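Each structure below is given as structure tokens.
Two complexes follow with chain A in common, the first pairing it with chain B and the second with chain C.
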Partner chain A sequence: MTGAPVIRAEGFPPGIENFNYRDWIPALPDHFLTTITFSVFLAVGILICFFLVSYRNPQLVPTKKQWIAESIYGFVRDGIARDIVGPEGIRFAPYFTTLFCFIALTNVFAIVPFIQISPNAHIAFPAVLGILSWLIYNVVGIRKHGLWGYVKMNSVPSGTPIALYPIIIPIEFVSNLILRPITLSVRLFANMFAGHMILLVFILGGVALIEAGGWFMAASPLAFIMAIVMTFFEFFIQLLQAYVFVLLTAVYVQGSLAEEH
Partner chain B sequence: MTGSLSVIGFGLSAIGGAIGVGLIFAAWISATARQPESAGLTRPMMFVGAALAEALALFGLLLAFIYSGG
Partner chain C sequence: MYMAAGDGTGIIIPVWQELVVGIIAFGLLCFVLMKFVFPRMEEMYQKRVDAIEGGLRRAEEAQNEANALLEQYRQQLAEARTEAAGIRDEARAEAIAIKDDILTEARTESDRIIAAGRDSLAASRQQLLTELRGEVGSIAVDLAGRIVGESLADEARRAGTVDRFLAELDEGRSADAAGAR
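Right, the complex of A and B next:
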């Protein structure tokens, strides 16, 4: 049922061709239903079902599912929304929680057997999430400060000498209002891409060492052990990247909500 | 010798990110050692700093792949 890569485990040095997945149903348009799009829908379905089921019948003494859902929400609301954005950040907590769960789940798909690819290893999916964050912090900031005030706040740091304006204003404008969604999405994408690539290097390297025969074969268990170690490391990285993405979104929202000084 | 010159560029770009992330974690560890109760307060800041410092190294990785064909 899984869509194997078009080129599977052929050349040892894995390349970007290992990220092209074959269509499940060739009659449909290209890349309409592959492992990657399927895992996005799967993640959305799992999240909706999980939160609906665990909160359908809330108890005063929480059940196990309700406890898990509440601790995730509590972690994001208290640890990110309230601590970073402040009291008025609580209203962003549902979005942050959804974002965190979605990114964490799609990232973890990279080490789930039979899927083993994160949709975030393709730039399209992180790009949409980055643009959403960009829209949110810009809209929030423009509504609070007005368009001109918001642009001015982001372009001119307080206390800048006037002589430095020609240098500071373009740098601040580009880095605060244009580059942020790009760095957000590229950070997530590159981490997932590199993680998948590292696992491919060790696993395909182990296979290549076995195929090389002779004394090389003795070294291949090392490669496989390293692949297992890297899998655990990737799990840590995946959760960390989900956290960092939401954290940076919160920092940007906080910057938009901050008073001018 | 075969290979792609852009990988050397990735190596160079990784230097800055590595130094930055190292400094950030070192600072967090010494801050936590001096004042253990501030660990929770400074942990999100550490992750933000590490993520920002890491970004350029990741750009280097991407560019290494983008230009690996040429």
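Right, the complex of A and C next:
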């Protein structure tokens, strides 16, 4: 963190104001070009360039770059789409892979120097992804079972006693058809938000300890070491959350494609 | 950094600008990757599967072909061996036959030669006898003429005398030969 010492001291304890980013060009409409939106476009640019370049001239015996691109796709295709959804899930593999790459890269931005914030720490981006997942699994389910059959399938678990219908139906309906995109996006958002907050606590805390002087200064290395440890931990969490998001989307799609359960 | 003071807006309550950015950016990413990259990967997977399975199938075909050829060669070899044995037997039989033929022929030939020799011997003996008979006759006549000292004018009597004499000689020799046996 750069800046005058006074500002450093003001930075601790961190709060939600640490998540608000200034517009780069004030003349543009608000929020369209900030570190957040820039990093989203950067992620899209990096992914498009990487995949197009590495798959520009695919060979039967892959080159190293092609192999990396294929491994990522193969991981999601075989590890998620095929294993969770089944053979007919292969057709969702391209979307799942795109989703996985996008979430993973934007998450990792939280520990990339000079960006150091994940766009997913703003609810808007997880919300878009969550709503997309919601649309996909609902459309797939309605196409397969028809609107009424699909709603019925998701509202009434088979084998429920009729006496319990008044309780079960609203719960199942809300949790299966309304809350899923919210839980998806909030899970991702909260993890990224909390991760950023944890790193801020240790880094700004270390700075604040130095500022405090005296015996407090001696404790500051501990804070910085913790910041490094937490950075590694965050890296793990970032990839895990990308995986979880895609995995849950696949599970929902599988539920929509399944016969009566 | 590029931070602005403010409340939590945009963090827990989505701001529409960021929603728009998210939709556009992610939409673009989906479009490009799902249209230009991942279908080609599936294609490549399929090609690879084809290549591997095709290779296996080709190898199997080659193996089968090699086995069939080997079998065919073995059969041909066995056939050739049988045939060679047959030829050898035939040749042996033929050789024996030829040998017999030659022997028979040689025997016939030798018999014929012997017979011819015998015939010619008999003929020359006969000739000799005839010649000798004439000569002996004339010599005896000469001798007798000289001894008698007179010319025997009577041809008929002279010929009769000679013939009679020779017949006597013949008879005497035949009797000798019969006695010798």
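What we mean here is this: the second predicted complex is superposed on the first by the 250 of 261 C-alpha atoms of A that agree within 3 Å, B and C clash if a C-alpha of one lies under 4 Å from a C-alpha of the other, contacts with A are read in each partner's own complex, and residues count from 1 in each chain.
Here is the rule we go by: a residue touches a chain if its C-beta (ideal position, glycine included) is under 8 Å from a C-beta of that chain, and two chains touch if they have at least 3 such contacts.
A quick note: this is a predicted structure, and the numbers were derived from the prediction, not measured.
Residue contacts after overlaying the shared chain place A:F41 against chain C, while chain B stays out of touching range. Of the two partner chains placed by the overlay, only chain C lies in contact with A:F32; chain B stays clear of it. Applying the stated contact rule after C-alpha superposition, one finds that A:T183 touches chain B and leaves chain C untouched. Once the two complexes are overlaid on the shared chain, A:L209 sits clear of chain B and of chain C alike. In the superposition on chain A, no contact is made by A:V246 with either chain B or chain C.
Looking at the superposition, the partner that touches the larger set of chain A residues, chain B or chain C, turns out to be C.
Once the two complexes are overlaid on the shared chain, A:G79 sits against chain B while remaining clear of chain C. Judged by the touch definition given at the top, the superposed model places A:I16 against both chain B and chain C.
When both complexes are overlaid on chain A, the residue A:I198 reaches neither chain B nor chain C. Within the superposed three-chain model, A:L52 lies in touch with chain C and out of touch with chain B [touch as defined at top]. Overlap of the chain B and chain C contact sets on chain A: residues 16, 189, 193. Remark: chain B residues 44, 47-48, 50-52, 54-55, 58-59, 61-62, 65, 68 touch chain A in the complex.
Those residues of chain A that touch chain B in the complex are listed here as 15-16, 79-80, 83-84, 183, 186-187, 189-191, 193-194, 240, 243-244, 247-248, 251.
Within the complex formed with chain C, the residues of chain A that make contact are 1-2, 16-24, 29-32, 34-37, 40-41, 43-44, 47-48, 51-52, 55, 58, 60, 69-70, 73, 90, 93-95, 97-98, 101-102, 116, 119, 121-125, 127-129, 132, 189, 193. Those residues of chain C that touch chain A in the complex are listed here as 1-15, 17-19, 21-23, 25-26, 28-30, 32-34, 36-42, 44, 47-48, 51.
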